[in-house]
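The structure appears below as structure tokens.
The letters A, B, C and D name the chains in turn, as written, and every chain counts its residues from 1.
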Amino acid sequence: MAKTLLSVEGLAVEFDTRDGVARVIDDLSISLAEGETLGIVGESGCGKSMTALSIMGLVPIPPGRIAAGRIFLDDEDLLQASEARMREVRGNEISMIFQEPMTSLNPVYSIGNQIAETARLHEGLSRADAFQRALEMLVAVGIPAADKRIHEFPHQMSGGMRQRVMIAMALACQPRVLIADEPTTALDVTVQAQIFDLLNDLKDRTGTAIIMITHDMGAIAEMAQRVVVMYAGRVVEQADVDQILTDPRHPYTQGLIRCVPHLTQNPTKERPPLLEIPGVVPPLTQLGSGCPFAPRCQYADAQCRAEMPPTKAIDDGHTVACWLTEREAAA
Amino acid sequence: MSDSESTTQAGPPPADMDEIFVEHPFRQFVAMYFRNYAAVAGLLVFVTIVGAALFAPMILDLDPFEMVDEPLLRPGEGGHLLGTDNLGRDLFIAIVYGARVTMAVGGAAAGITLFIGLTIGAMAGFYRGWVDEVLMRVTEFFQVLPPLLLAMVLVALFSPTLETVAISIGVVSWTGVARLARAEFLRLREQEFVKAARSIGARDRRIIWLVIMPNALPPLIVNAALTVGIAILFEAALSFLGLSDPNVMSWGKLIGDNRDYLLDAPWTVTFPGVAIFLTVLAMSLIGDGLTDAFNPKLRER
Amino acid sequence: MQFLTVVIRRSLYAFLLLLAVIVFNYTLLFLVPGDIAETIAGESGGASAELMAEIRRSYGLDQPFYVQLFGYVGRVLQGDLGSSYYFNVPVLDLILGRLGPTLLLVVTSLLLAIFTGTLFGVIASQRPNGIFSHFITILALIGFSAPVFWTAFLLIILFVSMLQILPLSGLAEPLTESGTWQWYLDVAYHLILPVVSLSSIYLAQYSRLARASMMDILGSDYIRTARAKGLGQRVIIYKHALRNAVIPVITIAGLQFSHIFSGAVVIETVFSWPGLGTLAFESILRGDTPTIMGILFFSAFVVIIFNLLTDLAYRIVDPRIRLSNTA
Amino acid sequence: MNKYFKMAAGGAAMLAATALAVPTAQAEPKQGGTLTMIYRIIAGHFNPAIASGTPTGIPGTQLFAALIRYDDQWRPQPYLAESWKIADDGLSVQVNLRKNAVFHDGHPITSEDVAFSIETIKANHPFKTMYGPVTKVTTPDKHTAIIHLSAPHPAIELAMSSQLGVVIPKHIYGEGNIRKNPRNSQDIVGSGPFKLKEFKPGEYIIMERFDDFFLEGRPYLDQIVFKKMAESTSRIIALETGKADLTAFASDPQELTRLKKSKHLTLTPDGYSAIGPLNWLAFNTTRKPFDDKRVRQAIGYAMNKKLMIKILYSGFAKRATGPIHPGSVFYSGDVNDYAYDVAKAKALLDAAGLKPDADGIRLKTTLNFIPGGAVWKRWSEITKAQLKKIGIDVTLKASSDFRSWIKTVAGHDFDMTLDSVFNWGDPVIGVHRTYQSTNIRKGVPWHNTQQFRNADVDAVMMKAGLENDLAKRKALYAKMQKMVVEEAPIIYINASPYHTIYNHDRVGNPPVDSIWGTSSPMDNVYIKQ
């Protein structure tokens, strides 16, 4: 197995809200190897994006707070790093692209300007060199007539083009890690596929490790090698992508997979009515002592509601946190 | 309306009252409003002033123009809570009675403002095309004329009475409302529920007033609260310049009447000013509270 | 090329708007009871009936309405706004003589309000729940709620009557030779209170607006992008956020220009500032119709010019307007 | 000089002696310095030949010289005229001009200019009675003018003085319509001690010493800055802080009360005896129920004049009891003074058939008042409050501008109005116009707007206007005053408390040595130190 590039250990993030303290990430541990694509999957509000922001050092403090844990890039704990050091890391060693290409670019500056800015900042390039770099990047992400479009403004481009620009910006300094937070959610299906192809292609060329955050199991299937399933700020299941798709253990994972019809192995028979995880992610301020998924879980019993299930390794690289698995193992 | 329990759906039991309110727009609205303490204070001030305006004349039965004592007594002197003005009239009584006129003019002017603004804005936003074009040109016409200047000319033209003052203020200040209403209508007319209403053959008038208007109301109601405040300030400015009805007591008139005594009897100018200030402040606090109440999410930021 | 078309279309449109203003003014003021004959008679302590008829004839007031209206429109288009009944000098000269002080007051107040307001807003947005932020919120409420003449009075009581450090009224002491540096200093000194009073309303409003839009923008996706790029806080705020935050302030300032002009009428009256506002107010009291019409026309003219300038500023700041929405 | 004016002067002297301040040891006047004078309004132009009023008159009398000037004892003195003589039959006046007098542009002042000026004034000035009897002006030589009269005119010398009889250059104002002449306000060519340096409309006028003035060594001042300050608060501060040296015609009680406390300021009511400003409440005597004398009298009794003077003028104003100003030689106090008496007022209303209704209201009526001045507004409100006590419900009718008020009153479209009218020195000029039934001229400001018609009053005034014997004339006016007050077309409240306020540390020979207030040349004023 390749060398571990980035690892998160026992991370906990809390937010002060009007209704009390919300622990949006609780005891989270994941790791990313060089050249790997790690998928993080879960519904909105489960803490995926917050994990990404924690790695970037962009958790808004206050009201947020890193309550516990360590985040290593190589051997350096980023949580201990100075803000100045973090600025060096961001965009240079770890880059990030976001869900909303429509709004993630500054409307008042040309795209060339925005891409060049990164290069000038981290590599101290001159204005002309930085623009040259921006142009190269635009060509690399497949923007047609890049030499003209480099002077355009975000509102003049389509969503897919903007996301390409975002990717160009993120990769301008050849980072070691790219965090892609729902990069295709806001895009048309055909464009989605193009973006995935582009990301895969770039990864092959540059060796950048990718953390792919999504709620879409389909995207995971296409992109990731390993998958982390999150619910209410916790990792509920972690495994290789094949294992997850073929043998999901946690009821939540199973629910997520069922939501995507073509992923279920026997589409005609087992498929329950579409989109079936009843209820919503509960407010994080109101988590009790039990499994946070219990209120929505069809298998939940008294123990589930009372006690938090431990994380259990059931296979090589496959862990799951569920009393059901616990009981099966015990049985 | 059914009680709160019956409407909670299956799923996790509500953890606190907020959960219930999610299901009840009006109660949620009230609850959100009352979470904003400043807005509650504003409401209290407003209720007090309206109460004074409505009931004080019944209880006190005094003539605010009556010269009751020596002129320019200090607050507290001769048993006059806020002192007397330059004609020996009790400043407190004058302010209490002034509330009536100020609120009446402010309210009427705001009403006229909203009426003109809503009608023009709704028509322009709903019909678009040449109607919009024409109405927006009219709006721009009124926007390029400085409102106070135009109001002064109008009041001067039709002689200063309560009615002319209220109408003049209304005539010069509706453009903002019109633009807001137009924007709302332009946005809402494309929404599904409007298309639905149209598809079942509803008439334009019905769509404008019963389908779109209720949805356009939240920002307009907030705007209405502010409009009342602005109208009060307007009236004060006109009165201050001497363009007001001399037969009725208003706060702006008190300031205008006593401005020459600014240096020797600052209280004669200060107290009516405080009254105006508090009222307008109350209106803007209420406006803020309404904004919160209409958009609970905005508040969380 | 496209820009030129826009300018031409705008100018044509502005011209039509002004024409409408002229016709409106004339019609409105035609309805005012009394005319120049009464004004002259009142000013000079009485006049005979023959004299008054003679005056009316010499001013063409015995003509039917439409003849007078066309005559007036025609003259205005030639740059002749008529003669003041009271001062007996061309209205245009009178207005141009007063325009400077008013523009000085209004533009200074506006720029002060925009710059300081934006700055305050930016500072406040750094700590949305900090003391300064609350201070801004409260200041905005006070600025909005206090009648502008009352604010001016309170400032006068404090700075003129009690502390005696600022002058009470006027543009400058009349004996100071105008054009010298002492005169400019004197004007600046006299400008302080009127400008502070007038800008108080807008300063507070703009800081609140700038604070809200800064907070909005600081929470926006592209600021997150900028942070993810590794940019420092300063660059993020002053390069990426500020430029966007200024847009709504400019928009509102443009829309409010005619209101600020209105506020100037009150402020000029309080401080005996020799601008268009005092001229307007006094002309209304004197019934000096040509001057009132001239001022209404001219202020509309200034507002239109200013709107064009706002538009330009807007185009510089916001590429979305610059490139697409050329209408 | 004829008999009448010697006596008139003597009578006025006695009257004025009581009000005279004791002159302190006179310092030697010094040349140079700038006098800063502030005033509540600034006129649109400064040509007193075509307009009355103090805003025109104060700068106007500095820029233009009249033929005659008056001292504070009502004694006419030579000014532009070296001497003059009224013919024994009273039908002509011979004026002998100074030979060294020139206009500001260097043209000599000749009898032609005098003739032109008097004709211009007669044709354009609002005071028709002033030069009414003048038939023509002849010019036997360059420095002699003879004014011919159709009847004896006791007011002719007053008419030749101060701002009433200024001499303007024919070569400047003789062309075209003088009302539209731009040189009424800019590039003025005058004959007075000061010439125009700068006029900023609506703001200030700066006048500087005219070196070739016909009086040797005068004026003392280098410059007069006459600055408008509309707000009384501003005027107070300007005077208190020493930024202004002088203001005149000050009647705002607030201003007077406060400035009286300043150690470096002197307040004096001296020097205004010819202005004769009266404030009153006038009725439209043709409208019901004001056609009934009893209703008018009832209102007279219902007005608490003492209280009004106290509140409106902080006690600074004198009570007015009739049509003639208490400072005038012709004033008579032998009239009904309508002492405050609510019961009597109610009885008179009862007698007139105005009974109270269920709400205690006897009459609903309206009151107009002069716009723009705070005092008038206060006055109207006090009147409203007082008349409410006798069951008269008054609606105040505000006019937004001056001319709509004039139009309303001159057009007889009012029930009651507050008004302020000046006596202008002689009753013939300023008093007759208000009561003569022949002077009811609808549409003309300040005619007999009350439309008061009383043949007896007319007859008495006619006689008084032609009478050259002072004692007889006084008796006639005493009779006239008694009759008018009894008929009550007007309720007289007070004389405007005009004061001159000056910084006595700086101003020497303050301009209070005339009967015209500061509407007279300030060539004698100097700056101390």
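Everything below uses one rule, namely that a residue touches a chain if its C-beta (ideal position, glycine included) is under 8 Å from a C-beta of that chain, and two chains touch if they have at least 3 such contacts.
Note that this is a predicted model, so its numbers are computed, not measured.
Asker: Would you identify the chain whose C-alpha centroid lies closest to the centroid of all protein C-alpha atoms displayed?
Answerer: C
Asker: Go through C-D and A-C and name the pair with more C-beta contacts between its chains.
Answerer: More contacting C-beta pairs are found at C-D.
Asker: Provide the C-alpha centroid distance between chain C and chain D, rounded to the nearest whole angstrom.
Answerer: 40
Asker: When the centre of a chain is set as the mean of its C-alpha atoms, what distance in Å lies between chain A and chain B?
Answerer: 49
Asker: Between chain A and chain C, what is the gap in Å from one C-alpha centre to the other?
Answerer: Using C-alpha averages as centres, the distance is 53 Å.
Asker: Measuring centre to centre with CA averages, how many angstrom lie between chain A and chain D?
Answerer: 91
Asker: Where in chain B do residues touch two or more of the other chains?
Answerer: Within chain B, the residues that touch at least two other chains are 156-157, 242, 259, 262-263.
Asker: For chain C, which residues are shared contacts with two or more other chains?
Answerer: Residues 32, 156, 161, 269, 284-285 of chain C each touch two or more of the other chains.
Asker: Taking the touch rule as given, give the residues of chain C at its contact with chain D in the complex, in rising order.
Answerer: Within the complex, chain C contacts chain D at residues 32-35, 38-49, 51-52, 55, 58, 83-84, 86-89, 94, 97-98, 156, 160-161, 164, 168-171, 173-175, 269-270, 272, 274, 278-279, 282, 284-287.
Asker: Taking the complex as given, what residues does chain B use to touch chain D?
Answerer: 63, 65-67, 71, 86-88, 155-157, 159-160, 242-247, 257, 259-264
Asker: Using the touch rule from the top, collect the residues of chain D that touch chain C in their complex.
Answerer: That would be residues 34, 36, 43-45, 50-53, 56, 124-128, 177, 179-180, 182, 184-186, 200-204, 206, 225, 227-231, 233-234, 237-238, 241, 243, 371-372, 400-404, 406-408, 410, 422, 433, 441, 443-447 of chain D.
Asker: Flag every residue of chain B that touches chain C in the complex, lowest number first.
Answerer: Listed in rising order, the residues are 137, 140-141, 143-150, 152-154, 156-157, 176, 229, 233, 236-237, 240-242, 252, 255, 259, 262-263, 266, 269-270, 273, 276-278, 280-281, 283-285, 301.
Asker: Which residues, counting only chain A, touch chain C once they are in their complex?
Answerer: For chain A paired with chain C, touching residues are 56, 58, 86-92, 95-96, 98, 100, 103-110, 117-118, 121-122, 153, 155-156, 166, 169-170.
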